[in-house]
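Both of the next two complexes hold subunit A, though its partner changes from subunit B to subunit C.
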Partner chain A sequence: MRTLAVALDLLREAASRRWFLALGIGITLLLACFGLALRIEVVDGALAATRLFGKVLDTDIRSVDVAMRYVYRAVAYVIAYGGLLFGIVACADFAPSLLSPGRIEHLLALPVRRWELLAGTFLGVLVLALLGAVYGAGGLTLILSVKTGYWTARPILAALLASVTFAAIYGAMLASALLARSAAISAAVGVALFVSGIVAGNRETLAPLLEPGLRRALFEGATLLLPRVSTMADTAADLAASVPVDGLALGSRLAGLAVFALSALAFAIWRFEQRDF
Partner chain B sequence: MGYSSSVLALEATALSKTYGRFLGRGGQQALSGVDLAVPRGTAFGLIGLNGAGKTTFIKSLLGVVHPTAGRVSVLGGSPSDPAIRARIGYLPERLHLPHAWTPTAFLASVARLKGLSAHAQEVRRQLARVGLGNDAERRIGGFSKGMRQRLGLAAALLGSPDLLVLDEPSDGVDPLGRAAIRVMLGEERARGATLFLNSHLLSETERVCDRIGILSGGRLVREGELDALCGSSTRWRIRFTPGCPMAALVALGFVPVEGVADEPPIFSCEAADAPVLNELLDQARAAGALMVELRRDTRDLEEVLADAVADGPGAAA
Partner chain C sequence: MRRVGWLLAAVILLGVAAWLMARGDRGKGKTAHDNIHFPRPRSRDDQRNARRRTLVLPPSPSATGPAVPQDPLMVALPNTPGGTTIVFEASAMRDSPIGQHMVDCLLGEREARELADAKRDFGVDVLEDVQRVGHSGPVTVVEGDFSEATWGRLAERWTPRPYGSSATLYAEPDRDQTIAVYGGQMVLFGEDAAEIEAAIDRLEGHLPPAPPAIPDWAMYGDVYGVIAVDTLVEFLQKDDDHGLADTFRNAVEQVELHVDTSDDVAIVADVVGPDKEAVGDLGKSLGAALSIARMRAQADGDERLADLLDLARISPRDGRFSLDLALPMDFLRKELGPCKRKDGGRAR
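Moving on, here comes the complex of A and B:
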């Protein structure tokens, strides 16, 4: 299938970019450094002592799974916010680069349908984001699990949730690239959605701060359709920290993100089909 | 047009394209009612000044640009059909190549998108053919302009397409490289491929193509066989040695060519076929004239283009 071929080419292109090589090397070095510097002593399933870079961390003796919840929660937030921001900046150039003069004419003259080109690009970027998030979260989880003997895949699940949020944001970035072929505009759209998504995640808290009437209605209407970035980050953190998560609410949020991403992708494909290059 | 659609590699009927239309109004007209039929196996050269609409026409043939009006048929189908595009090899004017990739990786990617099975051998073959066999694993970023152009040509040649659409194929290529490209294009024609060439190098177009179209102001102002456009097959130019009997030659029907500074002047004459020509020359020799040069009285493409543009829609504007 040519969509997969386009996605694989995007991954090859990413592998040849210094940004992504630096990211891969950076994550690996951080994990290795963290793994070598962290010493954890577990006695009868309880965290007895922890040393980071030889310095004893002053913590109470508590069971390993409880102690790890705080760590994994922090990791989930770092991935949800830091990973999203990095992904927005690092992936902003893929669609404008695909549409660059001399490249797009060549691609469109090949036996690839236009929607396959866009869907392949979207898929490739998602796989890239997923690989980065799972590699970082998986590596960290593996190190902590080996050192503590407490095994869990929840931080990886949290990373997957962050990737789904990124899918919604990247769908809009892709659509913006079809309107204006610019990596800067694509990144700006991503950052704007990221920030407004944090606001949208707190809309129930923020709406009462506005006076009832048109302004509040406008705020509620505008934030209704936006991806709930902060809500998803909180859910990912809860999931990583073994806090019970309402499955129905999570499913509803995931469905909302999927609808947003697919709508943005459908708009991008519609625009792509109309355009001359 | 005089051809049945089954023998046509491409056909454009009343093709028009206007850019930047708003609510169906205004905009910049790039093509205006172009009718063109190119038979299969032809080497067709499209020439014209900058902004004549050549690139828009090529992009319309490939489905990259949507025509505002008219119809395009390529290899008997619509260019929007991927099965049709699979039979086309295209080299854009300025092909964007991934700098960090090797030629092998780039061609393998193109081959995958073309749906070629067992493409590794085909990639090696085409790289060797364009003279990049020894650079197959070097990064494209270190390539010269000519090497990039040859790599783009290799991408177009992948899978032995039925139609090759080449936009400035020898741009930036050195003279020996151009000769090699001409040989390759000759080989492609020999196996039955149709060539559609857009080039500003008119001498290259003249050497490769047997049919020419001239676009001016978005209209096709000349189209036909190269020989028919560039001159008459019955008109000849002859140079005699100094001191030839001018009066006798003029009496025989030789016309001194005006505007040529040579001494003695070059003559032209009409001869329907070889026996008539030889008889005329015999009579000239009998009158005491010694011939030193004989060639067909043709114009080069530059003159043909200049005339066509002067007579075309741009001139009337």
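Moving on, here comes the complex of A and C:
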């Protein structure tokens, strides 16, 4: 319960930050602009023409839901990669500011356990990322659905998957903030994990390119522990594009990411418990 | 101890996460549609076509430049305006998944025996020696390596006569069938002996070669050619709820066909007509018809047809459009039915 209170406190803090409000307005303006500039011609359920800002986009004529799969696939990739990068940069400051002199002493004086404080911060950031992703993906899906008459919630599902990936990355960012209280370092760790996660997602393709031996074993060992960022982006895109996805494998990946996030959180709590303020 | 507990939990959880994520890696793989390669012009097709231009005909008296080598198959095939001309790359198709399936499963015991008879009687291994098969109007041409073939058994039943410098014509006494063996590389079939003779005359330079029925730039894919509009109209009329057949007849001048069989079977039909607007409208109508057919298949619970139509699309460009269709191998295996031969062709 106290964890939830901390999370809510973080959300209030985010709302009070002007640039988070600006972000919300920015997303809304982008969606409105996209909605007004997009013209889609649907003939008997087939997408016959698409114009964005008056320019003809794809001229292929095919069933609207089939044609929209490519759009939703692109949307899912933008949410997965763009949303992750944005989330890393936007949320890098939360943990360092929590630990800032004056504030941390105040928080520790409250009847809240240290692990609850950290778990609440983690939860609050995740809720924030989730809200942003669902708002962006939901708005875009709504516009495209109204324009084409084809309704689907799959891009929102893709946004939820991206949020799980962000949880793993933010866990590591939170842990790094406990080692060095710096928003820049926290963001750098997030970006490093983001990039190495793309490599890890392609580890089975990349490993055979290395000579068998120590280097390949080191590569395989290191990437084994990393969240598969690109795999999750591909899965999100597949889901958005109505491509059949192996449910068991997806469940494993999601559980893996969630457990990775919990592992990073446990490490952060261990470090937090050790520190004197 | 409690502090160490968090660290221990972190390490254990990291191990569990690595195990779970590694399990998830196994689910990655090719999607059902990754094997579909729609035929497009490629440099290797150009190289293949260049290698095949081996026939140097004596230049006509009016020609000014040197003689240009030509593809003997295309010289042999008559150019019938508005007719169907199609070429099958038999050697490429033989090694393709659909080719393998047809050889292994669709040839019954009787057909397999007939192939063995052809090998024994004429020294022709149809599955190995044939490279290309072309058909245009009244003439069918089989190109390949027939240097080891012996045509003596054919002469026992059919009446042979030499024609030109390198051909022998065999006429069937009871039916209007003619077979011509040209050198060690070509066998021509047809019902009209005069057309077969004309083909040999073109090959030997006694007749001026007509422009090829399929231009060089359109010779790509494992099957390629032009399809007669009337043939397609006939096909469309079978289940025509949208008046497409009439629109098609009025708008279309030529349909160019290309098929790739390297993995799944992918078909591209380029549709051209004199009136760009009419062709554009036809493309939209056809796209809508495909879309409706797909929705109907979904409503009827025919998932296989719906999946198939998922892959269909119309791409309009410059007053023409191309229709892409794909037939995944899984679909074809189910549609073509179980193996006729009990051994699944393994004895071959």
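The working rule: the second predicted complex is superposed on the first by the 273 of 277 C-alpha atoms of A that agree within 3 Å, B and C clash if a C-alpha of one lies under 4 Å from a C-alpha of the other, contacts with A are read in each partner's own complex, and residues count from 1 in each chain.
Throughout what follows, a contact is a pair of C-beta atoms (placed from the backbone, for glycine too) under 8 Å apart; a residue touches a chain by one contact, two chains touch by 3 or more.
All figures in this text were calculated on a predicted structure; none of them were measured in a lab.
Peer 1: Taking subunit A as the common reference, can subunit B and subunit C both be placed on it without clashing, or not? Answer clash or fit.
Peer 2: fit
Peer 1: Determine, under the contact definition given at the top, whether A:Pro111 touches first (subunit B), second (subunit C), both, or neither.
Peer 2: The first partner, subunit B, only.
Peer 1: More subunit A residues touched by subunit B or by subunit C?
Peer 2: C
Peer 1: Let me test your reading of the model: by the given contact rule, A:Thr231 touches which partner, first (subunit B), second (subunit C), both or neither?
Peer 2: Touch status of A:Thr231: second partner only.
Peer 1: Using the superposed model, measure off the angle between the directions from the CA centre of subunit A to subunit B and to subunit C, in steps of 10°.
Peer 2: 170
Peer 1: Considering only the touch criterion stated at the top, classify A:Phe277 as touching first (subunit B), second (subunit C), both, or neither.
Peer 2: After superposition on chain A, A:Phe277 lies in contact with subunit B alone.
Peer 1: Does the superposition put A:Pro244 against subunit B (first), subunit C (second), both, or neither?
Peer 2: A:Pro244: touches subunit C, not subunit B.
Peer 1: After superposing the two complexes on chain A, what is the shortest C-alpha distance between subunit B and subunit C, in Å?
Peer 2: Superposed on chain A, the two chains' closest C-alpha atoms are separated by 13 Å.
Peer 1: Can you list the residues of subunit A that meet both subunit B and subunit C?
Peer 2: After superposing on chain A, subunit A residues 274 contact both subunit B and subunit C.
Peer 1: Can you list the subunit C residues touching subunit A in their complex?
Peer 2: So the residues of subunit C in touch with subunit A come to 2-4, 6-7, 9-14, 16-29, 31-32, 283-284, 286-292, 294-295, 309-310, 312-317, 321.
Peer 1: Residues of subunit B touching subunit A in their complex?
Peer 2: On the subunit B side, the touching residues are 19, 59, 62-66, 82-83, 85-86, 88, 90, 92-96, 98, 100-101, 105, 109-110, 112-115, 155, 165.
Peer 1: What residues of subunit A sit close enough to touch subunit B in their complex?
Peer 2: 2, 5-6, 9, 12-13, 16-17, 100-113, 274, 276-277
Peer 1: Name, in rising order, each residue of subunit A that touches subunit C in their complex.
Peer 2: 43-46, 48, 59-64, 66, 115, 203-204, 224-225, 227-228, 231, 234, 238, 243-244, 246, 248-253, 255-257, 259-260, 262-264, 266-267, 269-270, 273-274
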